[in-house]
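In the two assemblies presented below, chain A is common to both, partnered first by chain B and then by chain C.
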Partner chain A sequence: MLLTLVIGALMLGGIYGLVGMGYGLIYKASGLMTLAQGDMLMIGAFLGLTFYKTLGLPFLVSLLLVMVIMFALGMFIERVLVTSLLAKGAQTVYVILCTIAISMLLQNGAMFAWGSNVMQFPSIFGVSSVNILGYEIMPERLLALGVGIVAMLALHFFMQKSKFGTSMRAAAQDELAASALGINVPLTKGAAWGIASMLAGSIGVVVGPIFGVYTAMGSLIGQKAFASAVVGGYGNMYGAIVGGIFFGFVETFVSAYVTSLYKDFISFAILIIVMIFMPTGLFKEQVME
Partner chain B sequence: MSKILEVKDLHFHYGEIHALKGISLDVEEGEVVTLIGANGAGKTTTLRALSGLLGRITSGEVWFMGERIDNQKSHVIAAKGLAQCLEGRHVFGNLTVRENLEMGAYLRKDAAAVKKDFDYVFDLFPRLLEREQQRAGTLSGGEQQMLAVGRALMQSPKILMMDEPSLGLAPLVIQDIFSTIKRINADGMPILLIEQNSNAALKVANRGYVIENGEIVLKDSAASLLTNEDVKKAYLGGQ
Partner chain C sequence: MKKVLTLLLTLCMVLSLAACGGKDAGNDAGSSNNDTSAPADTGSDDASGDAAPSGDTIKIGLYATITGPNALAGEMAEKGARLAIKEVNEAGGVNGQMLELVVYDDKSTPEGAVRAVTRMVDVDQVVAMVGSNSSPNIVAASQITEDAGVLQIGCGTSPSYTNAGYQYIFRGTANANLPNAAFVDAMTQMGVTKVAILSIASENGVSGVNSTKELMPDSMEIVCEEQYQPTDTDFTGQIAKVIASGADGVILYGTTSDSALAIKQLRSNGYTGYIYGPEALGVPDIINVGGEAAENVIFGSGAIIPASIDDAANDVEKAMLTAFVEEYGEMPVSDVVYRGYDSAKLIAIALQNTSDISDPDAIREAVLGITDHEGIAGTYNFSDGSGDGLTTARAYIVNGGKNVLFADWLAENPQ
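Let's look at the complex of A and B:
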């Protein structure tokens, strides 16, 4: 029981954390905020379902296709919509409003394209459970956990070791200096939005088999991912992971031992308490002004 | 000698404010040219406009290595070899010294030449080699200035524009910075230098321009400017 709970908590935490990393990445790179991350996850799930179930593509190919498309979608939102707003001198709050509008468009668009029913994502593995140390665990949960860990490591090495990742960090810190060195700052910002959306979309594909795929699936996950990002220290990518795992554990263990009906009440009450006592989050983060 | 950089009648507005009212200047191969003037005269605006960091200019032309570059994007201009050390150093504090220098070479593909430039920069500033893996934010002001200069050199530029490299530094460190400027120039780098420390700037420069209220009011050899009575009175502490 305990191991099952821990794996469940880690999986949930990884989901919140990865989607939350996207919020942090966008905030750090562009000083802006999106509220559409959850719906990016939902679109990723529907696209994955279409590729895997409807078109019969191999799972890995479906996942990769979703990542490419979601990256392009995130980049499009920043490069075309957000940039044109900012070019008109719009304030940050209009950009946030724009992302809420995008979130609505995505949800309703998904309803138009795929209908309003909960769709079942077919099982990816031939077996319904695997045995780990005597516990039966759904292999899709392990997949979600695995994809989460791989994505985190990949993002970490990309940001820390690759030239483009380093330039994204540089541009986030000092746009003027980065421009003067020949770094294409608009491109680094667009890439940050693209990566954030790609993370959410790929998580959508792996949670599809666990939660089912429906148009509202992203909203609650998106809010909890946002909460994770705030608790971890908004703008700190690694903080979001810690925040996500924190929420994953609270939610899983509250459901298991206290009440599953009011787990969100308790999770979000904790969010408010953390905000009051630690206004900069668990990890203090300095963000570009 | 051929002209590396030539600016013709450059005008720039910050909104309604007419900040640059027809700046014309040029830098030839191998030269150090300085632009001196009071705070707010338009020195920084001039350099940033040349680098394309301020967006569109109002009118005028900027020619670099025989090519017109005004109103091009800043990263395109930087790629052509026009490097700038910004006022206030602007190092990436959260990146290591090494990463800062790598960002200088961001656009370059010639790995062997980049490695040679790393050696050149570390030879110029041995202190940076000692601090290679340290975060730039932990360096002293003088070291950050060295890093800013080194980072610009990593671009392998055709000209180096420096905005107030001595600002806020201790007198001994300022001496170092100016002897570095001389050495970089002796190694063949043309330099366009902006300074409030006009005396020191004119001493390393071949020629100078005096800017007042967005206009060039005087241009001459650095030696003549150093002895010019008006310049002495206004910019050299009246000695």
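Let's look at the complex of A and C:
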């Protein structure tokens, strides 16, 4: 039972963490906040389902296609919607409202395109469970965990080692100085939104077979990912992962050993306690403006 | 000046609204003044007559959720009833008189049901009607038929409208409590002694689990009881407890979509035993979404649409499905079709046997006199006056990707 729970918690934590990383990335790069990350996950899941099941493409190709489309969608939201709002002198809260509107549009758009029923994402692997140390584990869970770890490492090396990643970090630190050095700041901002939605979308594709695909699948995951980002230290990428895994463990173990009915109560109560007593999160990130 | 203008405008608005209301009322009143033998108002958008009406036909009403969120089910109720009426007419009608079906859409709302039933009682003056597939709609309209003494045989499953003291309301399908009894009975036959319950934390789940617990024999012990929220997608914690409890049978009480998810996760976490539950597990979606994981799911249900005509549960169902495919060119998509069919057939039998078709009490007596009608959902016996004609539902098992009668399966695979 323990290993099953640990793997379940790690997978759930990885999902929250990766989606939460997107919040941090966007905040770091543009000082803004989006509330549509959960719905990006949902769109990714529906796109993945369409490519994999309806069009019959190989899973890896479907995943890559989803990543490209989701990157473009995130970029579009920042470059077209957010920028034009900011150009009109809109305050941050209007941008947040705009992302709430986007979240509703995405949910209803998905309902229009794919319907309101829960859709079945066929198993990616031929078997329904693999045996590890005597425990039955769903291979899709391991895949979600694997994709999470790969995405985390890839993002880490991209941000730390690549030239574009370095310019993104530079632009986040000081826009004016970065553009004086010839860094295309609007591009780095757009890319941050793009990467955030790409992360959420790709996670959507891997959780589809586990959770099923439906229009409301992203809303609660999005909220918990947001909570993870806050607990880890809003704006800190690694903090979001730690926060996510923390929530994954709290949720899974609380429902296994304490109460399955009030696990969300406990999770979100912890969020409020963290906000009051550790406003900078586990990673001491300065977010208070 | 401004105040006066505002007042005037408000007055205008109120008057125009009142005028609108008056117009509607006038229309309805106008219709009800029509000669009673006049044909149904088929020109109206929400009513349609069946055969060419004549003065000699007996009018039967039907209201169902033809539009709205439950449109698919409502359409099935109508198609089932039409087929039954057609068969009755082809066999010579009721004592030589043809039946005519008048159909109304209750728009999936209780208000719509009240309007439809009022119209059928006042305007069309039907002698009996097939009640909606939505129980709240029947509850809303029951007082109207009760006051008018019009027989109503409902297609809804909620226990709420039978056993409620009504004289003229009966049910043409299984009461929702029966499927619970059916799967608990199957559990007993499978020799289950340690039960784990996983259910949704909503009205449906809580009341369903309570009713199930009352039905359980003393030999069954509940070793684990877990709930999940309607918004939950990951049941790892609950399922780990269910499996660790060592239960030899798991009851899953939820709605179709979350049940499918829970079945998949139970299987992927290593639960290989039998999963029991109510009719929510009998929807084709469970097999579509759950795939192989849905094997060995045992559920109770009034009647289900089989994979093919040959898999029908009894001869009545087989004959009805054959006729349905002949008439409409495809298999029905929801078991509500059986409810419409059984209800219309029951009405025809009551009208056939009654001593006086114009006397509501004589018609009621005729319904109470139905003691062994072989319907699709089982053998109807209304003699106890409760309004429910069936006392058992069937149990089914998912076997080889289709729903199979549990009794047949058990005979081939003794435990």
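Just so we're on the same page, the second predicted complex is superposed on the first by the 285 of 289 C-alpha atoms of A that agree within 3 Å, B and C clash if a C-alpha of one lies under 4 Å from a C-alpha of the other, contacts with A are read in each partner's own complex, and residues count from 1 in each chain.
Here, a contact is a pair of C-beta atoms (placed from the backbone, for glycine too) under 8 Å apart; a residue touches a chain by one contact, two chains touch by 3 or more.
All values derive from a computational prediction rather than experimental measurement.
Of the two partner chains, chain B is the only one touched by A:166; chain C is not. In the overlay built on the shared chain, the residue A:118 is in contact with chain C alone; chain B does not reach it. Contacts of A:174 after superposition: chain B is touched, whereas chain C is not reached. In the overlay built on the shared chain, the residue A:79 is in contact with neither chain B nor chain C.
Look at A:5: by the touch rule set out above, it reaches chain C but stays clear of chain B. Among chain B and chain C, the chain that touches a larger number of residues in chain A is C. In the overlay built on the shared chain, the residue A:217 is in contact with chain C alone; chain B does not reach it. Residue contacts after overlaying the shared chain place A:182 against chain B, while chain C stays out of touching range. By the document's definition of touching, neither partner reaches A:156: not chain B, not chain C.
Note for the complex: chain A touches chain C at residues 1, 4-5, 8-9, 12, 117-120, 122-123, 128-129, 135-138, 140-141, 210-212, 214, 216-217, 219-221, 251-256, 260-261, 263-264.
Within the complex formed with chain A, the chain C residues making contact are 201, 226-229, 231, 233-234, 236-238, 240-241, 243-244, 257, 260-261, 264-265, 267-270, 285, 288-289, 291-293.
Remark: chain B residues 51-53, 73-75, 78-79, 83-84, 86, 90-95, 99-100, 102-104, 106-107, 151-152, 155 touch chain A in the complex.
Chain A makes touch with chain B in their complex at residues 163, 166-167, 169-170, 173-174, 176-185.
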